[in-house]
Every structure is written in structure tokens, then in C-alpha cells.
């Protein structure tokens, strides 16, 4: 546990924009689970899995932060309390990874794969839910299990 | 007023790490003023003016966020609730500017000058307290005046 | 073929710093092959596969460019004609990918995986030599084959 | 003189996109002067002063490199041999500064001011031609003088 005194725990959620309803429901449960345990939810701030996780976090009065690929802070989904506008496109993925204590990846395509790769390179534990099968990812079998494992692996 | 519904107002504070006590006192008052009005304080997360502003914000139970130049989230001053670790050095200055609704610059050297330049380039209003005299900066004559002008110029 | 008139073709080489001699020999052949066909070699600028590829390119009087993770341009291997110092750590991987016409990945760990992911996300063709087995990577069976396939897939 | 053995000298040229003909003529002379002395011309890659400097450099068979704000390498002016696509907007200014041995600033607005500020912060000497009057900038009185002073201040 290397969380700095004062600094709040931050859990990242990765995943695609175009995913099925079952994945969105998992993401929402992941978001609410993170918020229940007091963590800040950090994500890429856009739609799909990211938005669903924010909806879940806000349902529990959690704090949501989006590290946006866009150059303006007004973009991103409607469930973000704070938006960091990087103007860097998907290069912002490394900033997300550097800023979190653990991550949960849900489904996702190549963008999610780059985030998983950064996690494993930088030593941030990443929990997987129906996502890329890369050596080093900790698999979970439910949203609740994923949240529990994320907090255990901070 | 272009603040997105849901998204909280964010005010940036710029300024140097090595500054006199008078500047630190001004920064602390600026930070507390921002928090009293409900804004999130976003800064570069390091010492000097940045730390003093965070101390002020926390004295009013405000929310503080540091967009760090460092590659690890454990760095930054001790009064930050959230740390975004960019690993980008002073290139992170443009991210700070993109993520705020208005800025207050206090004293500062060339790093602060680059932040002021980015504000003016990107159309973010910047209020100046004993800082660089660049055309476009809105001068303030006290910390209270600076906070008032920042909120007026969102 | 979308290479801009005037702009020279640029081929990226990805791969790890700590790799075996067989991989270094493959990288050197890849570098010389790229140079023989007139392309600029762009890489991350550090040691291992990256340095070996530069050695190969310089043996054929090719032009080598390193997009460094470091904040100073004096770092990077000794076989670079041009060094771009990003000061961004591995976030510079997305800049490498955006700047090349095709890529060759040799061996490599999670950093290389993030580069492959960025290629596939951004539509840059990536040829693989003993590297990550990710759907979308075009496999090659020799350095010569990799160079040929890279130029075919610009 | 801290130029790394093997690495070629790189001179940066800063300046605005919308400038008068007199500034464009100065920029062209600056570009040709840099190329005559064997340096690589590095700039932001877009129009105005940047394009004029590239035209000058290419008239002397110099090598031109644009560090683009855009996310695709096909953008930028038509006189660039190499394009680095950062996808980072004006945050790329710090990358330009980190990658050069000295800079020449011609005219320019707030974007140029941010580049000057980064130079002075990072200890890269910057020569000024009709540009921002900031303490630390070395003034030149002609394009030839600017080029001479840039090489003297590597």
C-alpha cells in the first residue's frame, strides 16, 4: 500500500466505447463498487464502459474524474465531476495509468490493450473482466470480485 | 459561462516554487477564496505558490488537484486530494490550462510565463498578482480581488 | 500509399532493451534493410533492439531518428542522427506510432506491446518478428521478409 | 557545446502562422542560413514563419523536420523532410524546445511566447528577431545575425 497520506485512493476503469449491454452493466456495478469503498474513479472520460462506470459511481455519490483525449474540457461523458483535458488523444492512456492505484479492464479493443500494457510495464495491477488475455492480468469472475481484487492489489 | 452541467468549476493557480513569504501568503488566501466559492483548485502540484494555495483551499475543505510533472503519483505537495502524474515535465502546463475555467498567476518565473502564454493562446482568462506583465493578463490588486475576477471571467 | 509528397518514408522499429544476441542480429538486419530501401528509421532511441537497428541503418548510410523518453536530447544510443527529446517517458510511444508509415516489432515486453496496440488502434501496419501474438500483427519469418512486408504495407 | 557525437546540430525556428511578408522573408533567410551551416531545421511544421524557414532551408538542400501539433503525419507544410506527429496540439512546444541546440524566434504571438518561455526555463538559448521582449532573449538585428548568434550560443 503506497497511497500517499492525504491523497485519496484512485481506481482506474478501462474499456471500449462500443460494447454490449452486458458489459455496460458490469461496468456500472464496477463503478458503484469503487465508490462504495471510497475510491475516486478515474477513466478516459468518454462513452461506453467509461460512461457506465461513472453512472455507477455517481449512483453512490462517488467522485468521478475523466482524463480526456480531447483538447477541451467540455467534452467527455455527463457523469464526470472533474475533466482533465489533455489534448493528446490516446497518448493520454499513460497518464491515466500513472495516476491510479489499481485498474479494472472490461472488454475493450486496442486502446484498452495499450492501457493494460502500460499498467504491466509500470507495475500497476490490473484486474480483467472479459478482456485481453495478457500474461500479468489478474482475472476476475464478477464486477464485485473485480472491485475486491482491485483494492487488494493496490 | 461554458461550464458543463455536472462538471465542477475548476480554477487554476500558477506560480513559482521559490518565492517570498508575501507571495506565499497571497497564494494561501487565493486558495481559500477559491474553495469558499466551491471551485476545485487545480495546480501543478509542487511546492511554493502551488503548495500554499492548496493549504488555503484545504483550510476551507476545498478539493485540490495537482497535475504533476513527475512520473509517479506519490510526489507533489502534501495538500493534494488527487494527483495526476503526467510524467511529462513542464509539458504538463498545457494540460493544466486546458482543464481550468480561469487562472490566477502569482509571481513566478519562466514556467509561469509558459502557463500564461498557453492561457492567452487558448482563450482562458488569467488574472495576475505581481506576475509577468503580458498583454492580455487581467491585473488584480489583492488575493480577494483576484478570486473575484477569476470567477467573473469564467 | 499515403506518403506526403516531399516527406520521406519512415519505418518504425520496436523492441526491448534486454534481448538476446539472436534478436539483436535480426534488428541489425532490419535496420540495414530499411536504409537500403531509402526509408528513415524511427525508433524509441534507446538500447537493445533499438540500438541494433540503428547500427544496421548507419551501416548503409541511412538516416536514424530516436524519439526519446528522456527530457534531454543528449541521451539515447550513439547511432542516432536526430534525437527528439519528449520528456514524456513511455507516453512517447504514441508519437512514434503517429510518425511512421509502417512498423516492425522484434521481441519486446510490455512497452513493445503498447506500441503494437497503438499501431493497431491507429491503423498503422505492424510486422512481427518473434514478438507478441496479437490479432492484427502481420507475421514475418526473417528480417528480410519483415522489411519487405513493411514496405508492402505502407 | 554539448552536441552529442553522431547527433547532428538542430536549430529551432519559432514564429506565427499569420505574419507579414517582411517576416516571411526574414524567416526564409534564417532557414537558408541554418542549412548552409549544416544544421537541421526543427520547427512546429505548420505555415507562416515555419513554412518560410523550411523553404529557405530546402533551397540550400538542408534537412527539415516538423514537430506537428496534429495527430497525423500527413499534415504540416510541404517543405518538410520528416514529420513527427505528436497529436498533442501546442503541448508539443516543449518537445521542440527539448530537441534543439538553440532557437530563433521571429515575430509570433502567444504560441511563440510559450516556446520562448520553455527555452528560458530549460536553458536553451533563444535569439529574437522582432519578437517578444522577454528578459533572457538575445536580440539580433538581421537574419544573418540571428543565425550567427544561434550557432555561437549552442
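In this document, chain identifiers A, B, C and D correspond to the written order of the chains, with residue numbering beginning at 1 in each.
We take it that a residue touches a chain if its C-beta (ideal position, glycine included) is under 8 Å from a C-beta of that chain, and two chains touch if they have at least 3 such contacts.
Just so we're clear, the structure is a prediction, and the values are computed from it rather than from any experiment.
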item	value
Between B-D and B-C, the pair with more C-beta contacts	B-D
Taking each chain's C-alpha mean as its centre, the one farthest from chain C	B
Interface sides of chain A and chain B: same vs different residues, half threshold	same
Cα-centroid distance, chain A relative to chain C, in whole angstrom	30
Mean-CA-position distance for chain D and chain B (Å)	30
Gap in Å, rounded to a whole number, between the CA centres of chain C and chain B	40
Where chain D touches two or more other chains at once, by residue number	71, 86-91, 94-95
Chain A residues within the chain D interface of the complex	71, 86-89, 91
Chain B-touching residues of chain A, taken from the complex the two chains share	2, 4-8, 10, 40, 65, 67, 71-74, 76, 78-88, 94-95, 98-101
Residue ranges of chain D in contact with chain B within the complex	88-91, 93-95, 109-111, 113-114, 117-118, 120-122, 134, 136
